[in-house]
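Alright, structures below, take your time with them.
In the two complexes below, chain A is the common chain; its partner is chain B in one and chain C in the other.
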Partner chain A sequence: MKAFSLHAIIVSRGLAALLRECLGSLDRAMEPIRGRGWTTGVTVVDNASTPPLRGQLDDAPAHDILRFDTHHSFAAACNAAAQAHPADLYLFLNNDVLLHKLALHHMAKVFEADRRTAVCGTRMVFPDDTIQHAGVVFGPGEKGPYHDHRKEASLLVPRITRDCQAVTGACMLVEGDIFRRLNGFDEAFPFGLEDVDFCLRVRQAGHRIVCCQETDSLHFESMTPGRVELDIPSRRLFMERWKNRYTVDG
Partner chain B sequence: MEGWKSGEMNYYLIPGTGIYGGIKVAAGFAEALNRLGAPCCLATPDGTAPAWFQASVATVSHDTALASARVSDNILFSLPHDYPKLKGTAARLVFHCQGTDPLIDPILADPNVALLSCWPQATTYMRDKSGRNPIEVGLFISPCFFYDGAPKLHGTVAFMPRRGRDIAAACQAALPNLRFVPIEDATEADVARVMKSSEYYLATAVNEWFGLPAFEAMAAGCVVLSVPAIGGMDYLRNDSNALVVEPEQLPARLAWISADERHDIRARLRDHAVATAHLFRPAEFHRRLTTLLKSELSYLQT
Partner chain C sequence: MKLSVITHTRNSAQDLRRLLECIRWVDEVIIVDMHSADGTRELAERSGARVFDIDPTPRVDGIRNQFLNEASHPWILVLDSDEYLSHDAEPLVRSLMTECSGRYDAVAIPRFNRIGNYVMRGSGWYPDHQIRLFVKGTVRWADAIHRPPSIITGDERLLRLQPPNCLHIHHDNYENLAEFIRRQVEYALSDTYNKDPSLFRPEDCSAKAYAEFAFRHDRENDGDISTALATLMAWDKIVRCIVHWDSLSPKPSLEKFFTLPITTSIPDEQLRGQLAARDRRIAELEDALRKMRSSRLLRLATWFDRTFPATSRSVARLARRPRS
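Right after this comes the complex of A and B.
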C-alpha cells in the first residue's frame, strides 16, 4: 500500500486560541496515518491577522506559517500554500474545526481503497451534536447547493460513507495531482462556494467525491468576522456559473 | 467487445434535458455506472443538467465531451441522430438502445459500435439486424414510485395526455363518475405522487417503445390499463398484472374493471403489478450491472 504525503493547510484570520485547539486536534488525527507510514506537514496561512499569528502559536504542534500582510480570498490563500508545499494529498481545514481523532484515518482509507477518489470530506457536527456537514446536495432552481441533513441530530443520520456531488472545504482531503491539474480553487470566489465549484469540476473530470460518516468532528462554523458578507458575492458568482448545470439530488 | 481495454471516462450524450423517458433512462444508467465505479458524465447540448428527476451525475456540454473524448474513453448514446457526428470521434461508441426504430439499423451494422439493449424485444431486434449479441443491461424504476401506503383516492384515473390524448378523452367522456388526473410536464416526484394516490393508470401511448410509465404506475400500486406497447409486451401480461387493451376498447374495459363488484380482480391485478415492478428495482439493476462490469462491460470501468 502506498504511503502518501499529506499536507494540511489552515487559513486563519486571527482566532489564535481556537486555531491552537484546531492544530492540537489535527495532530492527534494525524497520528493513525503517520502510523501507517504517511508523512505529514501543516501550514497555517496567516491571512493578514492583526496581530500576526507568528509568536501566538508557539505551544501548538509543529507547523509552518505562511503570512499574508493583506487579506486574500480563501481560494488564493489555499492555492498559494498548496503551491509552496507539493504533496500527494492536501487537507484543507478551517480554523474552527476540531477533528475527531479517527477522522483522518477513515478519510485516508477511502483514498487507499479507490484510486478514483479525488476528494473526501467528513461528517461534522455543531456543539449541540446536530449535523453541520454530512455532504452537500443540490436543490432545484434558486436553492442550489446546501448541506444535507443540516441541524438534524447526528445520532439519527445513517453512518454509511457515500459519494456526494460536493463536500465542504472546511475539512476536505484532496488528491494533489488533481488539485494541480484543475488549477486549485477558483480565486474569483471572494469567500465561500469555491469548494463546491471545485468539487463540481472534479466530478466533471470523472473523479469520485466521498463523505466519510464514521466520526463526528466539531465545526463551530463561520467564526471569522466579516465572512458572511463575502458569502453573498460568492453565491452570486456560483449561481451565474453553475445554475442549471448540476443535477438535483436534494 | 473482446480485446477492448478499460476506458478512462464515459460520456453519455443526450439530445436535451426535456421530460422524455429516454433522458431519464440515460441519466439513470450514467448514475449507476458512477455508483459502480465506472466514471460517467452526462453530455447535453449546452451543458445544462436535467432537473425534473433526482440524480447526482455530473453534466458537461456536447462540445466539451467531444473535445475531451480520447481513444481510451467511451461515448454512449441512444438517439440515432447523434451517430453521424459521433462517428468521427476517437472514442469508442456504445449504443444504448432505447427503441427499435429502423433508423438505428446503420448503427447496428457498424461493427465498431458496442451494443447495449434495455429490454428483450430490443435485444432480439438488434441481434437479428447486427448478427451480434447485444448486452441486455435492463431498466429500473426510480425508488420514489414504489408504493409506500399513501391513501388512494377512490375512482381516480391518472394518465399522460402527451400521447393518446384522444383515447383518454374517450374514457373521460364515457365515465364521468371517475376522476381523471392528467400528468403533464411534471417532475418525477410529482408524477410519483399522482400515481401513488390514483387507483388506475391509463397507458395510452400507442406503439410506445417500452412504456416505462406503465411500470412506474405498477410500482405505485395502480391498476394499469395499457394499449399494446412494443418492448413492454415482454412484461405486460393481460389479465394478470395489467389489462392490455386495444385503444378503442379502453373505455369499456375501464368501466368493467372499475365496477364495485370487481374489487377482487383489481386487488389481484395490483398485487401482480407490484410484483412485476419489483423486477425493476434499482437494486436488481445494480446487481446485474455489477456483474456485467466485471465481464462483458469491463471496458466501461477505469
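Right after this comes the complex of A and C.
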C-alpha cells in the first residue's frame, strides 16, 4: 500500500485563538495516518491578518505560514499554498473546523481502497449536534447546490459513506495530481462555491467524490467577518456556469 | 520596469536565507557585506547576488548612499537582512512601480515589527512607514541611525501606503527586551552628535524624553509592552543626551537637565523652534519688566503705596468698583 504525502492548507484571516484549536485537532487527526506511514505537513495561509498570524501560533502544533499582505479569495489562497507545497494529497480545511480524531483515518482509507477517488469530504456538525455537512446535493431550478440533511440531528442521519456530486471545501481531501491538472480552484469565485465548482469539474473528468459519514467533526461555519457578503456574486457566477448542467438529486 | 534590491549584512546568514527566498523574483540582488564570518557572503554568492565587501561600520545608514549607484535598474528596494516580504509582494511591488511612474519617486511602506513573539499593533511601532522603494537617484540617507532618508525631488513625490490591505515590510526586530536594550545602548554609543557645545541644550533632552513617552505610550493597542518600550525609548533620549554631553569639549552645564518641558508629542525641529520662541518671549518680558521698574511713574506709585498704605488700598477698591 502506498504511503501518501499529505499537505493540509488552512486559510485564515485573524481568528488566531480558533486557529490554534483547529491546528490542535488537525494534529490529533493526523496521528493515525502518520502511524500508517503517511508523511504530513501543514501550511496556514495568513490572508492579510492585522496583526500577522506569525508569532500568535507559536504554541500550536508544527506548521508553516504563507503570508499575504492583501486579501485573496479562498481559491487563490489555496492554489498558491498548494503550488508552494507539492504533495500527493491536499487537505483543505477551514479555520473553524475541529476535526474528529478519526476523521482523516476514514478519509484516508477511502483513497487507499479506490484510486479512482479524487475528492473526499467528511460529516460535520454544528455545536448543537445537527448536520452542517454530509455531502452536497442539487435541487431543481434556482435552488442549486445545498448541504444534504442540513440542521437535521446527526443521530438520525444514516452513517453510510457514499458518493455524492460535491463536498464542502471546509474539509476536503483532494488528489494532488488531479488538483494540479484541473488548475485547482477557479479564482473567479470571490468566496464560496469554488469548492462545488471544482467537484463538478472533477466528476466531469471521470473521478469519484465521496463523503465519509463515520465521525462527526465540528464546524462553526462562517466565522470570518465579511465572508457572507462574498457568497452572493459567487452564487451568481456558479449558476451562470452550471445551471442545468448537474444532476438534480431531488 | 526592473528592480534592484540592496541589503547590508554582517553575520546575517540565518536571516538572509529567508530574505533571499522571498525576493527570488527581483531582477538584481546586491549584498554589501561587512566581513561576515558565518557564511553570509557564500550564501549570497550562491544565490547569484552581486556581493560587495566593506569594513564593518556601526552605522549602515551613512554608507547606504554609496551603494545606491551600484544598482543596475531604475527602481531600488532597500531591505535589511532581518526583514522579509509576503508571498504576494511581487505583484504588489510591480503594480506600485507602474502606479508611481511619472507621479511619485518613492514609496513609504508600512512595517510590522516583532519583538519576541509579539507583533506591535501601535505605540509608534505600527504602521512605522519606511521609505525603501524608490527611483534610483531620488533618495538620500543621512549618516545617523534610524533617521528617515530625504526625498531629493521633494516630499510631494513620496507615496505613503495606507494600511491595511497593502504591501508591508515584515521585521523580526528583537528576540526579547534585553536584546532591545543592548542594541539601543550600542546605537546611542555609535551615533553621531553635534560637536558644537553652544548648541547643546540639556532641557531639550528631558523634553524629548517626555515627548517620546507620550508618543509611544499606547496601552490600548499594546498593553504592558507599550509601557515598557515607551519607558525604554524615553530613557534612550536621556542616555543619548549624556553620551552627547560626554563627547563635548568644553562641557556645558547640565544644570537645566531636569527643567520641566513646556510641551510633549512634537517633532524635534518643532520642539527646537518652540523652545527658541519661548526663550525670545522670556527675554522680551524681562526687558519690559526692567523698563517698567526704571520708569518714573512706577517709582512714584511704589513710594505712594509704601507711604500711604491705607489710602492706597481705598483707591484700589474704588478703582475696582463698577461705575454707576
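Rule of thumb we're sticking to: the second predicted complex is superposed on the first by the 249 of 250 C-alpha atoms of A that agree within 3 Å, B and C clash if a C-alpha of one lies under 4 Å from a C-alpha of the other, contacts with A are read in each partner's own complex, and residues count from 1 in each chain.
Criterion: a contact is a pair of C-beta atoms (placed from the backbone, for glycine too) under 8 Å apart; a residue touches a chain by one contact, two chains touch by 3 or more.
Bear in mind that the values here come from a model prediction, so they are computed numbers and not experimental data.
Chemist: Determine, under the contact definition given at the top, whether A:R203 touches first (chain B), second (chain C), both, or neither.
Modeler: first
Chemist: For A:E31, using the defined touch cut-off, is the partner it touches chain B, chain C, both, or neither? Pick first, second, both or neither.
Modeler: neither
Chemist: Does the superposition put A:A48 against chain B (first), chain C (second), both, or neither?
Modeler: After superposition on chain A, A:A48 lies in contact with chain C alone.
Chemist: Based on the superposed arrangement, let me know which partner A:E152 touches: chain B (first), chain C (second), both, or neither?
Modeler: neither
Chemist: Looking at A:R67, would you say it contacts chain B, chain C, both, or neither? Reply first, second, both or neither.
Modeler: In the superposition, A:R67 contacts chain C only.
Chemist: Given the touch rule stated above, what does A:R116 touch, chain B (first), chain C (second), both, or neither?
Modeler: After superposition on chain A, A:R116 lies in contact with chain B alone.
Chemist: Which partner reaches more residues of chain A, chain B or chain C?
Modeler: Counting residues of chain A touched by each partner, the higher count goes to B.
Chemist: For chain B, which residues count as touching chain A in their complex?
Modeler: Its residues touching chain A are 8-10, 27, 34-35, 37, 39-42, 47-51, 53-60, 64, 302.
Chemist: Which residues of chain C touch chain A once you look at their complex with the stated criterion?
Modeler: Against chain A, the touching part of chain C is residues 86-89, 92, 112, 114, 116-121, 126, 163-168, 170.
Chemist: Over in the complex, which chain A residues touch chain C? Could you list them?
Modeler: 48, 50-52, 54-56, 58, 66-72, 80, 84
Chemist: Applying the document's contact rule, which stretches of chain A touch chain B when the two form their complex?
Modeler: Those in contact with chain B are residues 114-116, 137-138, 140, 163-165, 200, 203-208, 244-249.
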